[in-house]
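As written, the chain order gives the labels A, B and C, with residue 1 at the start of each chain.
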Amino acid sequence: MTTLLALLPVLVPALCAVAHFAAGHRRGPAKAALPWLLVGSAAVLLGDAIVLAALVLTDGPVVAAGGLLRADALSVFMLVVIAAVALLSGLATPAHLAAERAAGRAGTRTAARYCALVQLFVASMAAAVLAADLGVLWVAVEGTTIVTAFLVGVHRSRAAVEAAWKYVVICSAGIALALLGLVLLHYAAHRAGTGAGLDWAALVLTAPTLDPGVTRLAVVLLIIGFGTKAGLAPLHAWLPDAHSQAPAPVSALMSGVLLSVAFYAVLRTKVIADLAVGPEFAQALLLASALASLAVAASLLIAQRDYKRMLAYSSIEHMGLLALGAAIGGPAAIAAVLLHVLGHGLVKSVLFVGAGRLLQIRGTSRIAEVRGLAADQPVLAGCLGAGVLALIGMPPFSIFASELGIARAGFAAGSAPLAWATAIALVLVLVIAAAMVNHTSRMLLGEPGPRPEPSGGTTLTRTASQLAASTGTALIGGLVLAAALGITAGPLAGLLDAATRTLTGGTP
Amino acid sequence: MSDTAYVQLLNLTAGAVLLCAVLVLWRRELAVIIRLFAAQGVALAALIAVLAWHEGSPELAVLAAGVAVLRAGVLPAVLRRALGTAREGTEPVREVRPVVNVAASLLAAALLTLLAFAVSRPIVELAPSPATQAVPIGMAVVLIGFFVLVTRRRAVSHLVGFLLMDNGITAVGFLTTAGIGLIVEVGVALDVLLALLVLQVLTGRMREAFGNTDLDELRELHD
Amino acid sequence: MTDSTTLGLVGGLLQAVVIVAGAPLLVGLMRQVRARMEGRVGAGIRQPWRDLRKQFRKEPITPRGTSEVFRAAPVAMVAITLVVAAIAPFVTAASPLPGVADLFVVVALLATGTVAIALAGIDTGTAFGGMGASRETTILALVEPTALVAIFALSVRAGSTNLSAIVDSTLAEPSAVLSPAALLAAAALVLVIVAETGRLPVDNPATHLELTMVHEAMVLEYAGPDLALIELGSAMRSAVYLGLLANLFVPWGIATEAGVLALLVGVVAFVVKVGVLGAALAAAEVFLAKVRLFRVPELLAGSFLLALLAVTASYVLA
């Protein structure tokens, strides 16, 4: 029973992917309903995560599949994030695909392949967070790169091919460094003679016996490697390209959870690093990377001309904040980091779905060419506006609470470098907030200009430019959830608490 | 096998792995670069075979055979396919103008080797043995692969750079602990193969969209 | 007088004689091999000696406006090369001046010979002389670090940079020749020797086109006995370099004890080794084209890298 529960998050999307592939090669009425399968599998995932959460909170970690899978509170929390964002992205997919088909950019075959790849994407993310063995985690994270490569390059335009190429090359090279780190970690564990292998829980128990010299090297490589995939500077160059070129629901998934899943690997690494070589080492690395990411995001957001790239750079900013929180460490900061992961996932996916819709309606992703959206599309404009406000950390949304938590923990840690770093980070966050509000208000407010022809040549009919009910549900639902989280963690509080304890030296 | 023969064979195969990486940096013809990569695959498989022989481990011998098939057979074949269509077109089949010229990149490779030697010291000191003493060579191959990835302008060179990194990591893995578990090993191999296939398809698309595979053409996306 | 000193004195004298007498024959052999492989009859291996004899009989003549440097350079080069020929282990492992038979000393001496000729080239004040000298010094500057590093790699194993010690340690432990360090150093040294002796693909010794010349451009103004000295000196340098390469990596046959038979074996082994190497070099040249001067740094950077890898390997690998 528990084995099945742990396997479901991987199996269900994988089986759905097979169904999509099959449907793509078959003619019949069934294929119209297939995009909804994305919503179905995400809902199953969410239900499964909730059951697992109850199980893990009462009985402790669940081990399955011969020790390959292991669900502790942190994995289950990440599973919840994946499921929630997959649900939002899934809800937006049918309308997105319908509009693409109407514009002649996608056939049935392409749509089926698209859905199948998204399902595989979700499956590999679920496998990554459920993996007990760091090696399996690595394989799953690299797997996400492979399945999303074609999702990024789905349009086959010059820009899309370029984005896909950079994405795969930079991420694969970065993640290769992480593999080298794993090899060295395995070597250190092998020499310690505890038989821990790459099993995370066993490594945490035996971490003090690991050779500090080799472990230090391994930790550097792991943080750089997984940091690449999480979009942390200095290897972030792929992120704005990939996120701006991918179709909106995929961008939502990539920005909302894929980055966090990679960051989850960094968090797991940090636990081992702290025990083996002392907390200062990983702290310094993460701090440097956090400030670099924030600086990159701030400098490139000020004069940003493309709204999808604006959202992508905002993702780099938020990954930087996560790294800052992880560097600070301690229960308060880690709890805030985890809450931030969820809040950012929800809000960013809402914004990417909204931006994708905007791109379909207006046919341009240039900020300067979008004017007066509020008069034209009040719901979409309202959601985008509220989303950006949530993103820059306005109450009542949960990002406000989590950023506040990280900042407070930073100043309370009682170390001068941390306090300075937090202060610098806050200044950069303010700069970013001003830039984003400025860009967004120019898009939303003002007189609507003459409506340009959408790309693809065909003028959208009145019905096509309306917001589909499912997409609207996703947009508003995501924002409402984020706002609710900002007020109270509610039923998630227990899980959040247990996940924090997993990372801060409670029983793993 | 006697100890001195083991050490000598180990060093020779490890040296051959590094030499192939250096020659990749030296030569310009893409076809030759692919051949050198295949040769490195053979040397790597031989290295693992030597380890298998020394430890009398049939599992390692099987892995050596697997490495030989994948890295000396399958991956070069995929690379040749990525290059294949280029030969028919007007596209040059050489690395015409690398970002860093060949002489400077050879000197850089020398520095990278020293760097690899320096950073590997804790690894060697943890358990000095003939095998771990060869670890810096694997590290050097990783760094040279990264260097190829950063400084070359042709799509195929990028692929080879990525695969050089992977070969180096595999070498480090086997030299330190005789592999990191069968399941992970197979998963890694599969991931590498799939990533290469994805990149090969993307190379084809790049040729469709841009007319060639010169990565200098990739400048649509910027801020 | 100890046994080793006797051997050193006798052997040193012997190998100097062998090299002076044999070097032009080596050049003749290499030309003959090339000629045969290119389908020509060739002039025979004694032709360089005949040329030298003819040149030596001519009246000495120097261009107007040249200084003493021009006249002293050929003598200096031959003298320096002769010193190396006497002290390095070619026929015997012992040396008449054991302290000087050091790798760094030998490399520095040979480089001094090159510098002497380069100075003479500049001294003529002609365009080609200056051009040749500038090219030669460029190549020298690139080759010298490689040579030193490659040699250093060899000395790590012996624990000394003394040539005799290195040869002895190779004799004592033959399997070390097949170590990565030794093989990489050998590859690097081959490139160094090709560059230093002005062979293809760095320089074309048979060229008649002034613009592509390196070594030949510097000595264009020489005639008569001076030219003969330069030719002899160049031939000796080739023999010395090939002899060093041969004995550093394949020292077998070298005389380790004083005795007529041992010395005879040493001479024969040395002649055979150098002859085979020279013939192989000449045969390889048939298949090579001269690389453009701009590509030469690439070649030499490559050899430097090989040498550095050799050093690293000799330290890192067991």
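A few points about this structure:
The definition used in the following text is that contacts are C-beta pairs under 8 Å (C-beta built on N, C-alpha and C of every residue); 3 or more make two chains touch, one makes a residue touch a chain.
In UniProt terms the chains read A = Hydrogenase-4 component F; B = Hydrogenase-4 component E; C = Formate hydrogenlyase subunit 4.
Keep in mind that this is a model prediction, so the values were computed, not measured.
Graph distance from chain A (Hydrogenase-4 component F) to chain C, where chains that touch are one step apart, equals 2. The chain pair sharing the most C-beta contacts is A-B. Among the chains, the centre nearest to the mean of all shown protein C-alpha atoms is found for B. Separation between the centroids of chain A (Hydrogenase-4 component F) and chain C, computed from CA atoms only, is 65 Å. Separation between the centroids of chain B (Hydrogenase-4 component E) and chain C, computed from CA atoms only, is 37 Å. Averaged C-alpha coordinates give centres for chain A (Hydrogenase-4 component F) and chain B (Hydrogenase-4 component E) that are 31 Å from one another. Within chain B (Hydrogenase-4 component E), no positions touching two or more other chains are listed. Those residues of chain B (Hydrogenase-4 component E) lying in contact with chain C across their complex are 4, 7-8, 11-12, 14-15, 18-19, 22, 26, 101-104, 106-107, 109-110, 113-114, 117, 124, 130, 133-134, 136-137. The residues of chain A (Hydrogenase-4 component F) lying in touch with chain B (Hydrogenase-4 component E) in their complex are 68, 133, 135-136, 138-139, 142-143, 145-146, 149-150, 153, 156-159, 161-166, 168-169, 172-173, 176, 179-180, 182-184, 186-188, 190-191, 197-198, 211, 213-214, 216-217, 240-241, 244-245, 300, 303-305, 309. By the touch rule above, chain B (Hydrogenase-4 component E) contacts chain A (Hydrogenase-4 component F) in their complex via residues 119, 121-123, 125-127, 142, 146, 149, 155, 158, 161-162, 165-166, 168-169, 172-173, 176-177, 180-181, 183-184, 187-188, 190-191, 194-195, 198-199, 201-202, 205-206, 208-210, 215, 218-221, 223.
Looking at the complex, you find that chain C touches chain B (Hydrogenase-4 component E) at residues 175, 178-180, 183-184, 297-298, 300-302, 304-306, 308-309, 312-313, 315-318.
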